[in-house]
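Two complexes, one shared chain (chain A), two partners (chain B, chain C).
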Partner chain A sequence: MIGDNKRRKDAHDKMDGSLRYTADVDYPGLWHAATVRAPLAHGRLRGIRQGGNIDWSKLIFATAADIPGTKNVRMIAQDMPFLADDLVRYKGEPVAVVAAPTRAEAQMACRAVEVEMEPLEAILTLDEIVAKHQRGDPDLEVLSQWSFGHGDVEAALESADIVVEGAYTTPHQEQAYLETNAMTAIPEDDGGVCVEGSLQCPYYVAPAVAAMLDVGLDKLHVRALPMGGAFGGKEDFPSVLGGHVALLAQKAGRPVRIVLDRSEDIAYSTKRHPAWMHIRTGAAKDGTLIAADIDIVFDGGAYATMSPVVLSRGAIHAPGPYRWPVVQVRAVAYRTHTPPNGAFRGFGVPQTAYAIESHMDRLAQVCEVEPHTFRLNNRLRIGDRTGTSQVLKDSVASEEVLKHTMEVTDFARKWRKWGIKGTDKHDLGAPARGVGLSFFWHGAGFTGAGEARIAARVALDLVQGGRVRIRVSSTEMGQGAHTVLPQIVANALGVPHSQVSVDPVDTRFVPDSGPTVASRTTMIVGGELEGCALDARAWLLQSTADKLQRAPETLSVVEGRLRGGKEDLGSFATHLQAALGDNELKTFERQHALAPHLQWDEASHTGDAYATYTWGCCVAEVLIHRDTYEVEVPRLTMVVDVGRIINPKLAKGQVEGGTLQALGYALCEEVGVGEDGALLRDSFQTYILPTTLDAPEIEVHMLEKPYTRGPGGAKGLGEMPMNGAAPALANAVEHALGVRVTDLPLSPEKIFAACSAARAGRSS
Partner chain B sequence: MSTLERHWLVNGVKQTLRFEPLARLLDVLREQLGLLSVKEGCGEGECGTCSVLIDGTPQLACMVAAAQLDDGASLLTAEGLENDALGRAMKQGFDEEAAVQCGYCTPAMLLGGYALLEAVPEAEEDQIRVALAGHICRCTGYGAIVSAVQRAAELTKEGA
Partner chain C sequence: MKTFTAPERLDEALTLLGEASPPTVLAGGTDLWPQWTATKTKPTHVLSLHRLEELRGITRAGDILRLGACVTHSELTRSPLVQAACPALAAAAATVGATQIQNRGTLGGNLANGSPAADLPPPLFTANAEVELHSRRGARRVPITRLYRGYRDLERERDELLVAVHIPALPSGALERFWKVGTRRAQAISKVVGACRLALDEKGTISHAALAFGSVGPVTMALDELASWLVGKEPTPEVGEKAAQLASDAVQPMDDIRSTADYRRHVVGRIVKAWIVELATLNR
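On to the complex of A and B.
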């Protein structure tokens, strides 16, 4: 069962439209909400006037003054208001919300509200904060910072034969889930409120909204409906919208829904943090690494929200999967007056992986070692120490992944033949051809003590009739959790997959298994569920053994039947009925605890940052058109180790999808910030996403290096595919043309400019 | 504003609809007929998730005014795919190839594949890619979707 291509449980309902997403659920008397937004990026609110030709008595209008409880949204940091009160920190920040019978009426009313502001000076771009950072300008507001490492980096660089230095920058990236953010609040008969919607983390939304309404969690529950994609974009942001609709629903005494339109969603919801990474590295002549010194700046946007944890993960992965005898990392997120940046698949790592993997190619070049050999020689191994001084103990697949990649892609031969310095004859009429490699890792589960703090709880019900029901707060956003978790349970219990299902995710009925983020669902939640299933199986076998007067170890459950050796003893359901007696069901619960050997000190960022890591390699092949400088990608190969594959087709889908998002990040996706602080490309017309015609052939190879504490050996999977393609493509472009573009995306304009600069350099 | 009235054949069933002159086809299908497989992804003609077949041709329901469709127009949405062999093959292909992830793009993708295979039963990969180029999928990387349409073509051939 583990390792089988079980079909998705939700496929049919998604195909015929019977599955209900948030905007598909109808409520009698439902009203619709819209948002009044601040006109300036930074300033003080001086007045909010309900003007226009609108009968305001027929609508519901709410500002910060109407919030009965906590005015700020409870997240990792609790600094962002639901509705701006005094200070506005980004253009478009919500200052009021309106509910009306139709969306059009609500939007019209919002347009009639005049918001008066007294402007303050705004800091808008990564470039500005990096310039100030380099000058040590005290104006900058730090939202979060971490530094860690080991050894005297200056002395080590001094002693190195070769020192290479470089800076790399990456832009905002929009998650671009196809279903925009949507939330509904429904007042209930008992005076409570239900908040439901397109959200990844019900136990983030529930306490945030309850605190805002100043009610207990007994008066507020959250239902996570199936999502039309999320990718991190529905991790923290739904708490904001949930607060808005709950406030309006309470005032209106009726259900209220908000559905963002696409341009609002792009312009005002969270994005991937723009980042600048400055790397100094030293190596011996033979290419052995000596030291790395890494300085990281993230553009946090207007509020800290998730920045502390995104920055932390990005920084921890910044030295790459390499053995550095000496390494120091300093990372800081500063405030800008743009919408807060937050979670997006990869969570800080795509930025730093792009930087270090671009840099490693440059260092290898100076050391005159081929890129694959350079990586193989310097890769982390069992017993090595990472930047946080974690000593790697098991499930390190660095060598397997690199070697397998060389084998299946024939990288070395292509690298020697192609490229500006390759042995192939150059045909200037044909596109320039190149190949690039990246090597990356990804910590599975929450960072450091995160999993200990969450202490994920799961429950499994065995129900009369033989049904097995999973109760967890892990949500289904398309990744397949509600198919894969039953697979893990069915496998451990010995029943068919069809007999196991995941209950609707409602905080009233499911325990807090933690947020659906950080590639933790299969590994952590699945691991605990596997434990529950084994407990349940043992209980059933014991009870049956008692009745039959046999030893429990002589019994087993196979495909929904109880067996005593070869003897069929009847169905699971029959024996379950006997064991349950008069009870309707029996519940098995488990709670996650960190393995006792894991140690982490948050303040110094020292110790076991992750229980385990996944490992991957990406090889990109490019053709660059010499007249347009457009990068065509005929093929991307991903080789990834995920511990143990539960469902190969679903796993492959995760890798393919993540890889294409990474290709978009590398080549075409860019939001851009205007002079007034507005995000510029706020539609799918201008924010360019890869289509069927841009998507390369994505070849996926999965390796299995089991992790002892994962279900069946599985580790995390969802995020890692986002880390590889951007640096592999940057390296392939450099290989093809001999120029390096150090800021994403690798647009034709930038490649052309780099080529022109190189030509000018050569001729002067 | 005066209300318009139209008689269409929707998923094989005769329907009478009344709507405001500017009503979008997307809203009419969702709100009046409860055809919730028709999804709004962008509302501006860029993502393809609202696509439906009008007289066999894919059209964006967010860009088409319901009033543009004459009496007698025949519409197909994903709800109607169960009604014929090609529609069922298309769904089977998507299921087998794991081409459904979040599912938001899926109904329109199914219809896009259906319209293609109706015209070109043995469509090659590049024809499939061209036919679906107007549909954004953020989840799959498209590979599984292309395979699914190919699988549907195979199934239809076997069944024929």
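On to the complex of A and C.
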């Protein structure tokens, strides 16, 4: 069962179109909501006037003044209002919401609202905050900061033979799920409210909306509906929309839904944080690493929201999977007057992985060591200390992934042959060819004590008739969680996959297994479910053994049948019926606790940042047109260690999808901020995602270095594939042309500019 | 949308267009619909061209190819007549959007929409095509090179319908090329788009030259001065390099959401150079 390509449980309904997403669900009397947005990036609200040729008595209109309870959205930091009250901090910030019988009427009414503002000076871009950061400008508002490390960096750099310094920047990235953000609030007969929609984390939405409505959690429940993708974009943002529709539904006494259109979704929902990373490193002549000093600035956007944790994860991974005798990391997220940046697959790591892996190639070059050898020599090993002073104890696959990558890609030979300095003869009519390598890691599960704080709870019901039902708050967003979790349970219990299902995710019925984020669902939630399934199996065998007067160790469950050695004792359902007696079902519950040996100090960011890490390598091959600098990527190879593969096809899908998303990040995706603070590319015409024709052949190799506490040894997988492609592509472009572009995306325009600058430099 | 009319006869359509507030002309709708979505507006009266036979079909009479305004990109791509008489146009149509857009989008819509980044005008410029405009007042032909007066400003009266495009066929032995640099490999609007028609005489000197580029100015630009400069010269690498320089200087690109002016100038030059180099190979 573990290791089988079980078909996705949602595949059929997605293929024939019968699956209903949030916008497809009908309610009698449903109204539609739209948002009135602030016209300026920064300033004080002076008036909200309901103007126009609109009969406002026939609509529902709400501002911050209508909020009965907490005015700010409950998240990591509770600093963002549901609706701006006094201060507006980004262009397009919601200041009021409207509900009307149709979406068009709601939108028309919103356009008729005049919002008056007294402008204040706005800070809009990463460039601005980096310039101020370097000057030590006190104007900057810190949203979050962390610093950690060990050793005296200045002394170590002083002693190093070679010091290399560099700065790298990355842009916003849009999650670009197919289904835009959508939420519905439905008043219920008992006076409560149901909030449902496209959301990753029902137990984030429930307390946030309940606090806003000033009702108890018994009066508010949240349902996660089938989702057309999320990638972190539906981690914190649904709490905002959920608040808006709940407020309107309560005022209207009827169901209210909001569905963002694509340009609204791109322009105002959360993005990946733009980042600037300044790295100073020292090495000995032979290429042995001596010290790293890393300074990180994230553009947090208008509110802190998730920035503290995104920044933390980014910073922890910033030194890369390398042994640094001395390392110091300082990371800060500043406020800009642009929409808040938040969660996106990789959670801060794609930025810092791009920086450190670009930098490692440069350092290797100066040390005159080949890039793969440089990484192999300096990789983290068991017993090594990470930047947070975590000593790695097990499941370190750094050597395996690097060596396997060399084998399957023939990297060393290609690297020596191709590239501007390669041994191949260069035909100037043919595209410039290069190959690049990146090596990366990803902490699985929440950072530090996060999993202890969440203390994930899961439940498993064995039901009369033999059905096995999983109850968790972990959602299916297209990643396959509701197929893989049953696989883990079916495997442990000994029943067919078809017999196990995941209950609809509704906070009224499912325990809080934590948010569906951080590559934690299979590893943490799956791990606890495996425990429940083993408990359930033991209970059933014990009860059967008692009835048959045998020793329970002599019994087993295989493919839904009880066995005593070779003897078939009847179906699982029959024995379950006997064991349940008059009860309809029996529930098994578990709660996650951190392994006792894990120690973490949040304030100083020292200790065991993650229970375990996954390891990966990416090799990118590029062909660059010598006239237009268009980058073609014939092949990307990913070698990843995931502990244990539960479902190879789904796992491969995760790696391929994440790699393509990373390719877009590397080569073409860019939102951009206009002079007025609006995000510029707010449609799929202008925000350039790779199409199938831009997609390379993605070769995936998976290794299994088991993690003792994961189900069957599994570790997290969802995010890691996002870390590798950007630096591998940057390194490949450098290899091909001899110029390094240090800010993503690696557009033909930037490569051209870098080549022109290099030519000008050579001729002067 | 309040009224939707789809006449079968051209004169009916022209009558409607002659009214005081004429309807919006709809062909494939691939430009119009996104515009309606973006502006959250819909016209009150739409005149659909899909039943008008006169606006369909690809025919050739002698050296002239006639294309109905409602010929789709897919039809342009697949037509052996187009491939022979104006291969650059067939190539251009094959780069428009992707399959769905090519099946719906039309030649007439591409020209009438007036985008400086449209892909079909450059090959029509270099082929010296004419567009046939009809109104209640009569019919006239306008050289495509005079169709665009300024940014999205067309030499087309409100009551006129674009009915057909007439293209002088590529003479045998001549070279015609199309080159598009888009934002990605499909569903891409051009950063630079260009076409050329070039011919050599028996001595190996350039006897005919026409070059045009889109997305590098407010309208599609014919590089006429460069073309005159090229005629009479041999397509040597040096001539190619000089031509590249002249082309880069002639275009008027901007920095915008898709690309930069510097990059566009550079790419225009490299494309011209590549064409001249290829032309030289015709000699051998």
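A few notes on this one:
Here is the rule we go by: the second predicted complex is superposed on the first by the 764 of 764 C-alpha atoms of A that agree within 3 Å, B and C clash if a C-alpha of one lies under 4 Å from a C-alpha of the other, contacts with A are read in each partner's own complex, and residues count from 1 in each chain.
One rule holds for everything that comes next: contacts are C-beta pairs under 8 Å (C-beta built on N, C-alpha and C of every residue); 3 or more make two chains touch, one makes a residue touch a chain.
All values derive from a computational prediction rather than experimental measurement.
With both structures placed on the common chain, the touch criterion links A:477 to chain B but leaves chain C unconnected.
In the superposition on chain A, A:535 contacts neither chain B nor chain C.
Residue contacts after overlaying the shared chain place A:693 against chain B and chain C alike. In the superposition on chain A, contact is made by A:656 with chain B only, not with chain C.
Using the contact criterion defined above for the overlaid structures, shared-chain residue A:748 touches chain C, although it does not reach chain B.
Of the two partner chains placed by superposition, A:601 touches none, neither chain B nor chain C. Between chain B and chain C, it is B that contacts the larger number of residues in chain A. When both complexes are overlaid on chain A, the residue A:685 reaches chain B and chain C alike. Of the two partner chains placed by the overlay, neither chain B nor chain C lies in contact with A:370.
The contact surfaces that chain B and chain C form on chain A in the two complexes overlap at residues 683, 685, 689, 691-693.
Across the interface of their complex, chain A is touched by residues 34, 38, 40, 98, 181, 183-189, 257-260, 262-263, 266-267, 270-271, 273-274 of chain C.
Only residues 107, 263, 627-630, 668, 672, 680-681, 683, 685-686, 688-694, 748-749, 752-753, 756 of chain A touch chain C when the two sit together in their complex. On chain A, the positions that touch chain B within their shared complex are 5, 7-8, 10-12, 14-21, 23-24, 175-180, 226-231, 261-262, 477-480, 649-650, 652-653, 656-661, 683-685, 689, 691-693, 695, 697-698.
By the touch criterion stated above, chain B contacts chain A in their complex at residues 35-44, 46-47, 49, 77-79, 81-82, 91, 94-98, 100-107, 110, 128-130, 132-146.
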